[in-house]
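Before any comments, here is the structure.
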Amino acid sequence: MSAIVSGAEPLPPAGETAGAPQGERLTHVDTLDAVNTLVSGPLLDRRRWRRWWIAMIVASLLTILFFGSMIYLFYEGIGIFGNNSIVVWGYPIANYVWWIGIGNAGTLISSMLLLTHQHWRAAINRLAEAMTLMAVAIAGLMPIMHMGRPLYFYWLAPYPNTMALWPQWRSALIWDFWAILSYLLFSIVFWYTGLIPDLATLRDRAITPGKRIFYGALALGWRNSARHWHIYQTYYRTMAALATPLVCSVHSIVGLDFAASLMPGWQETIFPPYFVVGAMYSGFGIVVVLCAAARWGLDLESLITIRHFELMAKVMLMAGTVMFLSYATEWFSAWYSGRGVDRRFLTFEFTGAYAPLYWIMIFCNCIVVQAFWFRTVRRSLTAIVIISILINIGMWLERILIVWNTLSHHYIASMWRLFYPTLWDWLILFGSLGFFAFLYLLFARFFPVVSIHEVRELVHREAIR
Amino acid sequence: MSSVLLAAFEDEERLVDAIGKLREERVRIVDAFTPYPVEGLGAALGANPFPVRAAMLIGGLGTAGLCWFIEWFSAAIAFPFDSGSRPHNSWPVFPLFPFEFGVLMAGVFGLAALLWSTGLPGLNHPFFDARLSARASQDKFLLAVAMPETTDMAFRLRDRLAGLGADTVEEAEL
Amino acid sequence: MNDTAASHAAPASRIEISRRTALKLFTGGIAASLAGCSPPAEKNMPYVDMPEGLVPGEPQYYATALPLGGYGRGVIVKAVDGRPIKVSGNPRHPASLGSTDVFAEAALVELYDPERSRDIRGTQPINGWTDFLGELQQWSGKAKRGEAPLHLVTSTVASPTLLGQIAALKQQYPGMRWFAYDPLGDDESARSLIPRLDRASVIVSLGADPLGSGPMQIMASRAFINGRMPESPGGMSRLYAIESTWTLTGANADHRLALPPDKIDALAMEIVGRLEGHPGSPLSLEKGARHFVDQMIADLQGAGAGGLLLPGPMLREETVQAVLQSGKRRGAPLDRAAALPAQLRPEAFAAFEEALHSRKVQNLLLLDCNPAFDAAPDAKFANALKGVPFAVHAGLYDNETADLCRWQLPLSHPLEAWSDLTSADGTVAIVQPLIRPLYDTRSQHEILGFYAGQTAPSGYDAVRQTWNREPQDKGFEDWWRDALVKGVVSGRSPQFTLSAGNAEISPPASSQSPSDASAADGSFVALIQPDPTIYDGRFTNNAWLQECPKPLSKGTWTNAVSLAPEDAAALGASDGDVLAVSSSEGKIEGPLRIDKGQARGVVGLTLGYGRTDAGAIGNGLGYNPRLLSPGFQNVVPGVHVKKTDRRAPIPSTQMHFSLEGDLRKLLPEVAPGGSLPESGPKPSLFGPPQPRDPYSWAMVIDAAACTGCNACVVACQVENNVAVVGPDEVANGRAMHWLRIDSYNIGTAEEPRHGFEPVPCMQCEKAPCEPVCPVEASVHDTEGLNVQVYNRCVGTRFCQSNCPYKVRRFNWFAYNSGQEYKDLGEDPMPARNNPDVTVRARGVMEKCTYCVQRISGARRDAEKADRPIADGELKTACQEACPTRAITFGNLQDKGSKVNARRADPRHFTLLEELGTRPRTTYLARVRNANPKLAGGSA
Amino acid sequence: MAQVFKPRANTIALAILVSVPVIVVLVFIVNYQLHASPYATLMGLYVDQPIPFSHKHHVGDVGLDCRYCHTSVENAAYASLPPTHTCMTCHSQLFTNVAMLAPVRQSLATGTPIAWNRVYKLPDYVYFDHSVHVKNGIGCSTCHGDMSKQPLTVKEKPLTMGWCLKCHRDPGPHLRPASEVFDPHVPDPHNDPQKAVALLRHYVIETGNMTDCSTCHR
């Protein structure tokens, strides 16, 4: 089969094409069946999954750690975290904002790029959507772990009860609850819809009856009828159109968790927009890492090319710059307001107990990304991956610092206090990373990580260009 | 349940060109099956996405309305609480929940409508009896034309399809 | 609820009931106050025979008195179903004036402490009291024959009945010797003064601490503030404090000067000299201090009889006497605390030690004292005591001393026993039990009864005999009932009385001379003082007092070694470093606390810690400064301080103390008669919320009247079942006190001063915590309370993160419902929970609600009688406890209410008003009556 | 290629798809019904007692007043159960040696309380005060039903928060003149608007704070 992979002309080695990127092709595959083979091959034919198993074992261990800590948390009580009566919020909140941010990028990528006819999205949107699902699912766990009495989380829902009580709709947490829930379910629907035609392909290519039934059932008997395609696309595009505002609203609401308060450093009108950008920022970072992983693990070099990475790098450069601008706006308005508490807070950010972390955050989120101004960096896979990881570290720091700075240094001097994380704080954080990897590996094992039918279209489009 | 001739084409262009020519020759096109959506083809074959759009609109707005009502009813009528001396009917914060949930339900209703108007789930379908059916989801562009009454007409149509570039032609039921 | 069961109630009723039942019934009471549903298979246990006058579930109030340092403070104790659950002051009693101190509030913990000595214990297996009595008989025989004279050791005794019994014993046992000591030290004359601060216009404290912990604290604080109120007659008094380490008196002074003890002593003599008109050579002081002293003396002279010079315990006896004489000549308002009658003076502790070490002591009774810890914590004493064949210790706890004795007799708690107590000002109150002894214990009177040869002594009878000297007295029963009801004795005097008088005192035997003490050779002077929350060590096992923050440092659960910043810098040590302090006598180690405004060359140490056998709560905390000083010397010259490489940060409830820049707004200060700019109402989108009829509760706290004594903090804890979390959790920043007293460093670098600000929930009308709660757990009620519905709370903690005042507290663990600190969850401790307040579960936010259970109770009573709640009828726990009446609570809708009057005061201000939260809790600004001729005088 | 699925698969697939939303809705309905049902509220439940005490006999036939045994109901939060002595005031004369009353005699002899099983149980975070209700015209039977018809005591009302709120929002129809408070036979609620208004005024009832959380939870 590998014969098909190599194009008509010898494909240029990644990173060395000096030609104008405009002329450069996004994929290095020529025939439709080559696409099918590339993507579905790993899922269908007997093939060694050594790399996968190694990754899976590591991920599983972390997952066990994650749920182990969660069980201990529910048994022993929330006091095992480093929080105190002044800094009442801590890691779970930061993790939550971080994960939901990553979650947002998936849908943003696939829907926004679809609406703007960015065809290069075809190769990466499935990865991104899957990432969304898992990230949001994990994000959804965090607030529950953060609650004092997690078993009552359902009190946030308006369900008929003998207490004649209802939720308190003015609370940003209620908006949050519904944002996460709606967004999670919506992403599942969106993701699954996109998956249907590919499932049909897998059904038709599958040899063993087990796989045929598995994929067949999920494909719902999709026949690729031109009529169905027409209706299907209408639906899919409309969903994309709905997804974009949904995503923005979701992270805006997360921003409101802080902005809808009166604490210094939280009460900021700029929070919603810059939370959205921040989400996209860190999300793209993770997508880059996932693409690199999938590319390496599933030999998809010819589908996910350096060109994709370059384009994503450009998006990150934009986002990073916007972040810088947002921070600057915060600092300016804090200073310009002239309010003692705001200025004190600003000084604390840069010189207080958490200052080192704050400087690292600025470095990761604002400085490093500027390297993407250089084409060579944009086209070096290693560089992009490293920068993406740094960006995500920076974004996590941003979230924890938003929580820490404000709660540690507020109006009443007598109650200023610092936060010292415990082992359990770290276990939950890294455990959640492991759980994410675990889910992702499962997905990659049983579902096409690249949207087959959309790449088919892309290949055709490029062939005629 | 009608019997058709399935003609497999190598690519999108040949299929579209064939459809155009056959239309002029008054051949009844039943359906086409393509590995990826071919722009305008579905519309040409008379597919109507209206129900999906309608369902999403109604589902979305309906749900949002219901959510808003629940908010207003619970906060202002059922059990009005003094929460930081905010008005009981705090309408400025009410849109958020309806919006989030409305969008979700729009998606769900749309999916339902999609399945309904495409007749899915159709796990078992005569189309799958055709040998070519499996190729439609991979690399071939299938054209389904109504089977003529008489056999010699059928033979002529087969030749015509081959002439238009179909590399295989197969009898099938739809 | 099923605590309709708790029996053994009114002291009048005479139902016999075993400890076992008592405990069983307690648990009934507990169940009623535990949060969360329980399955319906639950038993209801009615009485077999209902005690007189007891209504199940309804509170009963009894007047009694509680001892501190021997002296009594009159209190009124609330009991529900026979369980004492709250102590508050007795307005009729001059030593309480209706207020309390931390020790009175926390007395309940002692009563219910699971670690109290429950059964009599001997050195070999025995069967209870009978064996003891048998052995006692032999020894009494010997004693009577003069073979083994009885030695009695007590701490300060102020009970007429006890005095009577001791006198009787002296008749019975020839050669009996009685020794008494005060763990704080034998520098009696300075310590036992009652300054009439309300009658003084200029007060100069020479190391004295009348506002600090002690039996006179409530009296002195109330008098001080009465003399401080701008509206008070004769204007507002001015307080100069000259002291070596920070005390509450210094913290409340208008002007403060830090000097080492020897300098203060010398200065005292100089002042006296100049007042008396024969000035000697002035003491050498640096310029600023000299100016301070001169202006102060001028001020003092100007005040005439209103000028009060107050000698402190660290002065030499001669100095004290000199000061007192001059004060007497000028007619300064200074009295002496009630002292023992001349014919009944105990010998000093030193005499006992001498007797002990010379093997003269064979028959020894140590009555409610712990010398092995607080008098002579050395091996020599321990071995000598071990050698005493018939050494008997009677005490609440099986403590350090008890371990060295042949017998430990369990003593009844003052709330379990009949007695009588004289207060520092001479007032006597009958001590009546609120509850039958929980264990097989005896009261002091009953134990002395045994020694007197009685077989079944009764404290009840002993006390009645003291007051009913001629048997055929008709009026006695009425008098007795009246005394019990009022809580104050009048119209009768027992055989022996303690009497207060004017401030002349014949100097006691021992007298220390710290004048040679100087930091010249690089060594330090150690100054030992009582601990503000643990006092002399008898409260070390009291978890509430341990967790109660020290007024100035806000440290908890240990005592610190305090140094001046310069000295600490010289040692290269920082807060929390462990310092080794050594004297010729011994060595202690404790965490450093740097105290801006402490005299250089002075090491500040406090008593009460370093106990080895106090109980699970108190063991192994802090150090015992007595190891540095033989006897009761409180000024130990020539000590050396070294920095060790260990750190032991002090668990503290406050981290940041200074108020720089506009933070100063948090604690505004005005000159007498001064006022604050009244800022108009903040603009609001929805318009200001209107207070609603019939009730709109509000509180005003007078920052000028707060002396920082902490009584309100502990009172709140008792009333509202606020949990103790333990040192580690305090260090984690999880202390639960609903009401905190913020302590701020104000003033200048030259003259650092302290300011206190009690901060309960502000009950904001536009509460930021409410709209952010997703489940309506934090909501407003129609009376303006910002209530927290514990059973609805899911623990998102958004309310606290959005609270600008940070007054909410979160149950990170089940501090009070399963995960208690150490043994605080063991029976009978939970029996002290207030049944009217939910015991919060884990994961729930809690906060001050203006004692909503009291409001509800008052409202229900009013509704039953179809009348409105009268102003002043309803008091919150903190308001009730406050010795200086700094807290006013009432109804805004009642135009005549006191709270409305205070809100109209020119000193009225709102904390963080600019946020527009419209708090119902507001403040009156601090007042500093500075000397115009001194720095800060312009303020 | 051949069919993967048999024709009936279509039906099954459809059924599954449809059942998803249906189940979601059912969960809500069933959950509510369950909590409102006697299964959760124990309403209408008879509880065995050490002594089969019959209110029907003592109230209905003998005609004892509630307050004869539940002495503190008018001035305390708890109505309180009668001490054994109260039983003996009569039963030292009547039925002195009936086997049924053995536990009572034993209780008196040994001084051990009679352990009655709770019928009306509120969660411990709910603070209910009998006296304030009784004093303000709420009859015993409003919550306890007609005791004169109960041979064994049965929980007459659900005692859910919703149930309490019904009356706290509109107490009028449940109020009675003081004379009828302890009368078990009075129908409740009376549907007489004038009477309601009159009684509200008579008892000076401020309905404003009656639905405050702090009214019952502290």
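As written, the chains take the letters A, B, C and D, and residue 1 is the first residue of each chain.
Here, a residue touches a chain if its C-beta (ideal position, glycine included) is under 8 Å from a C-beta of that chain, and two chains touch if they have at least 3 such contacts.
Being a predicted model, the structure only gives us computed values, none of them experimental.
The pair with more inter-chain C-beta contacts, choosing from A-B and A-D, is A-B.
Distances from each chain's CA mean to the overall CA mean are smallest for chain C.
The centroid of the Cα atoms in chain A and the matching centroid in chain B are 29 Å apart.
Centroid to centroid, with C-alpha atoms defining each point, chain A and chain D lie 53 Å apart. Centre-to-centre separation of chain A and chain C, using mean CA positions: 58 Å. For this pair, chain B with chain C, the centres built from the Cα atoms lie 81 Å apart.
For chain C, the set of residues touching two or more other chains reads 768, 771, 773, 776, 779, 781-782, 792. Residue numbers of chain B whose C-beta contacts span two or more other chains: 79, 81, 83-84, 86, 115, 121-125, 128, 133-134. Chain A has residues 164-168, 170, 174, 203-204, 216-217, 220-221 in contact with two or more other chains.
Across the complex, chain C is touched by residues 42, 47, 72, 75-78, 80-85, 107-108, 111-118, 121, 123-125, 127, 129, 131-132, 135-136, 203-206, 208-209, 212-215, 217-218 of chain D. Across the interface of their complex, chain A is touched by residues 1, 4-5, 9-10, 13, 28, 31-32, 35-36, 40-41, 158, 160-163, 165 of chain D.
The touching residues of chain A, counted against chain C in their complex, run 76-79, 82-89, 143, 146-150, 152-153, 155-156, 165-168, 170-174, 177, 257, 260-263, 340, 344, 406-407, 410-418.
By the touch rule above, chain C contacts chain D in their complex via residues 1-2, 4-5, 31-38, 40-50, 55-58, 692, 694, 776, 779, 781-783, 785, 787, 789-792, 836-838, 849, 852-853, 855-856, 860, 863-864, 866.
On chain A, the positions that touch chain B within their shared complex are 31-33, 36, 158, 164-170, 174-175, 178-179, 181-183, 185-186, 189-190, 193, 197, 200-201, 203-205, 216-217, 220-235, 238-239, 242, 245-246, 249-250, 253, 453-454, 456-457, 460.
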